[in-house]
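Quick notes on the structure that follows.
Order as written gives the chain letters A, B and C; numbering starts at 1 within each chain.
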Amino acid sequence: MSGTFVGMPAFPEAARDAVRDTTLRGNLRHATHTIRAKRAKAVAELEDWARLREAGRQIKDRTLRRLDHYLVQLEEAVTAAGGTVHWAADADEANRIVAGLVRATGEREVVKVKSMATQEIGLNEALAAEGIAAYETDLAELIVQLGDDRPSHILVPAIHRNRGEIRDIFARTMSEWGRPAPDGLTDTPAELAEAARLHLREKFLRAKVGISGANFMVAETGTLVVVESEGNGRMCLTLPETLISVVGIEKLVPTWRDLEVFLQTLPRSSTAERMNPYTSMWTGTRDGLTGEGDGPRAFHLVLLDNGRSDTLADEVGRQALRCIRCSACLNVCPVYERAGGHAYGSVYPGPIGAILSPQLRGTASEIDASLPYASSLCGACYDVCPVAIDIPEVLVHLRERVVQGGPVTRRGAKVTLRPAKGHAAERAAMRAAAFAFTRPGTLAAGQRLAARTRRFHPRRLPGPGRAWSDSRELPKVPAEPFRDWWLRTRGGKDAEK
Amino acid sequence: MSSRDVILNRVRRALSGTPAVEESVDRTYLVEHGSRSTEETVDLLAENLADYRAIVHRADADGLAQLLRRLLSERGARSVLVPPGLDASWLETAGDLARVADRAELTPQELDAVDSVVTGCAVAIAETGTIVLDGSPDQGRRRITLVPDHHICVVRVPGQVVSSVPQALRRLDPGRPLTWISGPSATSDIELDRVEGVHGPRTLEVVLLSEGGSARLA
Amino acid sequence: MRVALFLTCVNDTLYPDTGRAVVKLLERLGVDVDFPAGQTCCGQAHYNTGYRHRAEPLARHFAEVFAGYDAVVTPSGSCGAMVRELYPRMGARARAEGRGTSLTSALAPVVPKTYELTEFLVDVLGVTDVDAYYPHRVTYHPTCHGLRSLGLGERPTRLLAQVKGLDLVELPGADECCGFGGTFSVKNPDVSAAMGLDKVRAAESTGAGVLCAADNSCLMHIGGTLARLDSAMRPVHLAEILASTEEEQLV
């Protein structure tokens, strides 16, 4: 993934600062609670939500089960409609392909629709290295780009910024990138949206190359689908002469009809709308099957693997590839709400990021090894997921991978991971506990010892125990454990056991 | 080995331990939500369009040209884009308004100088308050309903109205460029609260045109 | 019906009052409850921290200890969920790892007969009025595994609503996690503490004197936070409220 995130500290350290940042906490609390209530209402409008969710899960699982077949089918359909399909095994290759395509047009700037895949591969940085300026056109991406910031949410990458901060960023930096912010810009959202409209309009109207991702690709027809709100997507998809779409290989659905499920579940899950303002669907180019003079003359589809096929090899973890990037799991997550998106050290924050990043990138780095633990396993994410990804199940599975090691697939090859360093003391404790817990006598002896020494227990613990006692009192150990009370008062009753 | 083969081989190896049986999809979800008369479906469309800040009007064939003239004049439009196949009678009485015929040579900047656009539509979805354009001659190229700041879309009711997303997909041809529009452009990017009016037309007016001359809807 | 109390290792060691309350309550309702002394721990902490293989012998031990009973009752949503939701999954994983069906068949018998306390009361015994008396203002926190894994739904509040003298007030943001999360509470102490603090503030805003939940692990975290803040609010397990009567008030 993007070099921006190399060297990130582990999640607990990164989260510590976020928890203490009261502005950030306020921004995140306000935004996530606003959308939470709206989503619940939008979902409640559909009495068949549970069935739509299950159908979405099944469609995605069916796609993944025959992914090779559908990819080939998609390639044929896109090619037949006048598009060109490229295959990129990793981020570097995808960046090379896109940079080469842009260079071939002779252009030095591109307009971009918000796309997680291009964020993931660090496309903007790669293009900049080639002397090509990439302009983000989604409002939140624009805020991040102008603020020289990192995205912190899948749907709303600038969720960590409030309106006042956005105003300041616009007023300060728009002039460096193009049309300056209007004088006397206030922090009302309508004025901020207007400022973005004016700033980006000149870029849209002169753009010759557009870059996008896609929410869905339909294998049987070769149709790509982009779901958006602002119209920046439509601008980038229809005005330029060349359109390059970088899409993860898991974004497929087999049939046109399958869209009837996701076009109902995605808008309600992400922006809590019955339907998002704009959805664009296109199949190839005007040289293929479609209308006269409508849209780009050249269409390139870059199919991106970058760890997805490795994820597919894991029977438990592969369900993460069902994700349709709605971000409902972020909005309900109590950990995300307090730690913020940056703590996840990835363009994919929140619960889905905690299972996606360690699979796409592996668990070798400190941040990736800490992500599976960035959850209290409360299950709110699984409840709202429109494709029923059991995120807690995958989190626990990845914890196992971190502490136990075992077989994984990296870049297509099966390798055996060693248990992660730094868990040795925990492993020993777990081993000791498992020993005691299979021997009731040992457990009882330990409980009695704790009870007898209870007057000497400190209120605060030293060393690793401080993690608890810095913020919480320890429970008081009772005079006798329950089992001794039972033995004392009802001793004869189950003497045979 | 090409990257295509690398990726396809990785995918095949990743799936090698997985049974090849194709999981079936249970499509017992609803084709539409609730049961409504035709009239109620049109009313729901109007209600949901308005809920997302589209301005909804109703007209019959006799009153359409007059209504369009009024809407364009109230808007202060001096020019209006006309897709090639738009019923010529719709803008007949539009007076001294400059009619700009869409041509492939029009640059985006030229489109940007036009005040309004009037189109038909392919299908409208009541449950979601959505109109869908498919690039047919009465709707034109995708860009003409994008760059001008004012879009008037005429929906023939009840003929072009369906209840639900599944019904709409069945009517649409995936080979055509499709644009689904639900209200004017909007954003939720500032504090996850919806604000209307960003890059697409900031004013969307929808005219529900009752078919069959005087057969007025309630 | 032979009914066993699976108290859980946390309750056995730290919260024997909860165990005594369950026994008192069930006996009052005419249930002959047994406490098999061989019981230890369901293995949840191991499993959830990534030590599934270490949890397997604990699960087998659980299945052996409770084999002879018709019903196993536990006053813990998370340990109940471990048995009901995760034991079958452990068996399936062992099978997927080529270790056959022995774990699945060893665990299968105890899975369907394990009940969280409120499920046992409402579904098995068919009671919601347990003749309890508890003259306090109480707010109820539905713990995550009880709420989402087991789907306890209205059961706990239906029981509380029938308690004489009890004034039940709604907890704002009730379905939000308290931040305990087992080893999460020490692996991510800052986030965990922040969640705990928010939960405590929400509870205090209700004006209740008692914060009730059906899981002492969460109450240990919430209670530890309350105590650190010198709050007057007390954390009390649901079983202790339901066990309390006019003649014998437990708390």
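Following the convention adopted for this analysis, a contact is a pair of C-beta atoms (placed from the backbone, for glycine too) under 8 Å apart; a residue touches a chain by one contact, two chains touch by 3 or more.
As the structure is a computational prediction, the values presented were derived from the model and not from experiment.
Each chain's centre was taken as the mean of its CA atoms, and the one lying most distant from chain B is C.
Remark: the per-chain Cα centre closest to the mean position of all protein Cα atoms belongs to A. Averaged Cα coordinates give chain A a centre that lies 32 Å from the centre of chain C.
Centre-to-centre, using mean CA coordinates, chain B is 53 Å away from chain C. Chain A has residues 315 in contact with two or more other chains.
The residues of chain B lying in touch with chain A in their complex are 2-4, 6-15, 17-18, 20, 22-30, 33, 48, 52, 104, 107-109, 112, 125, 127-130, 135, 141-143, 146-147, 165-166, 169-170, 174-195, 197-201.
Across the complex, chain C is touched by residues 11-12, 15-16, 19-20, 25, 315-316, 334-335, 338-339, 372-380, 382-383, 393, 396, 398-404, 426-427, 430-431, 433-434, 436-440, 443, 447, 450, 464-465, 467-468, 470-475, 477-478, 480-483, 485-487, 490, 493-494, 497 of chain A. Only residues 27, 30-32, 34-35, 45-48, 51-52, 54-55, 58-59, 61-62, 65-68, 71-72, 81, 87-89, 93, 137-140, 143, 155-156, 158-159, 162-163, 166, 189-190, 192-194, 196-197, 200-201, 204-206, 218, 221, 223, 229-232, 234-235, 237-239, 249, 256-261, 263-264, 271, 273-283, 289-295, 303, 305, 309-310, 312-313, 315, 318, 331, 409, 412 of chain A touch chain B when the two sit together in their complex.
Residues 7, 9, 11-17, 19-20, 34-41, 43, 45-55, 57-58, 61, 65, 89, 93, 96, 144-145, 148-149, 175-177, 179-197, 220-221, 223-225, 227-228 of chain C are the ones touching chain A in the complex.
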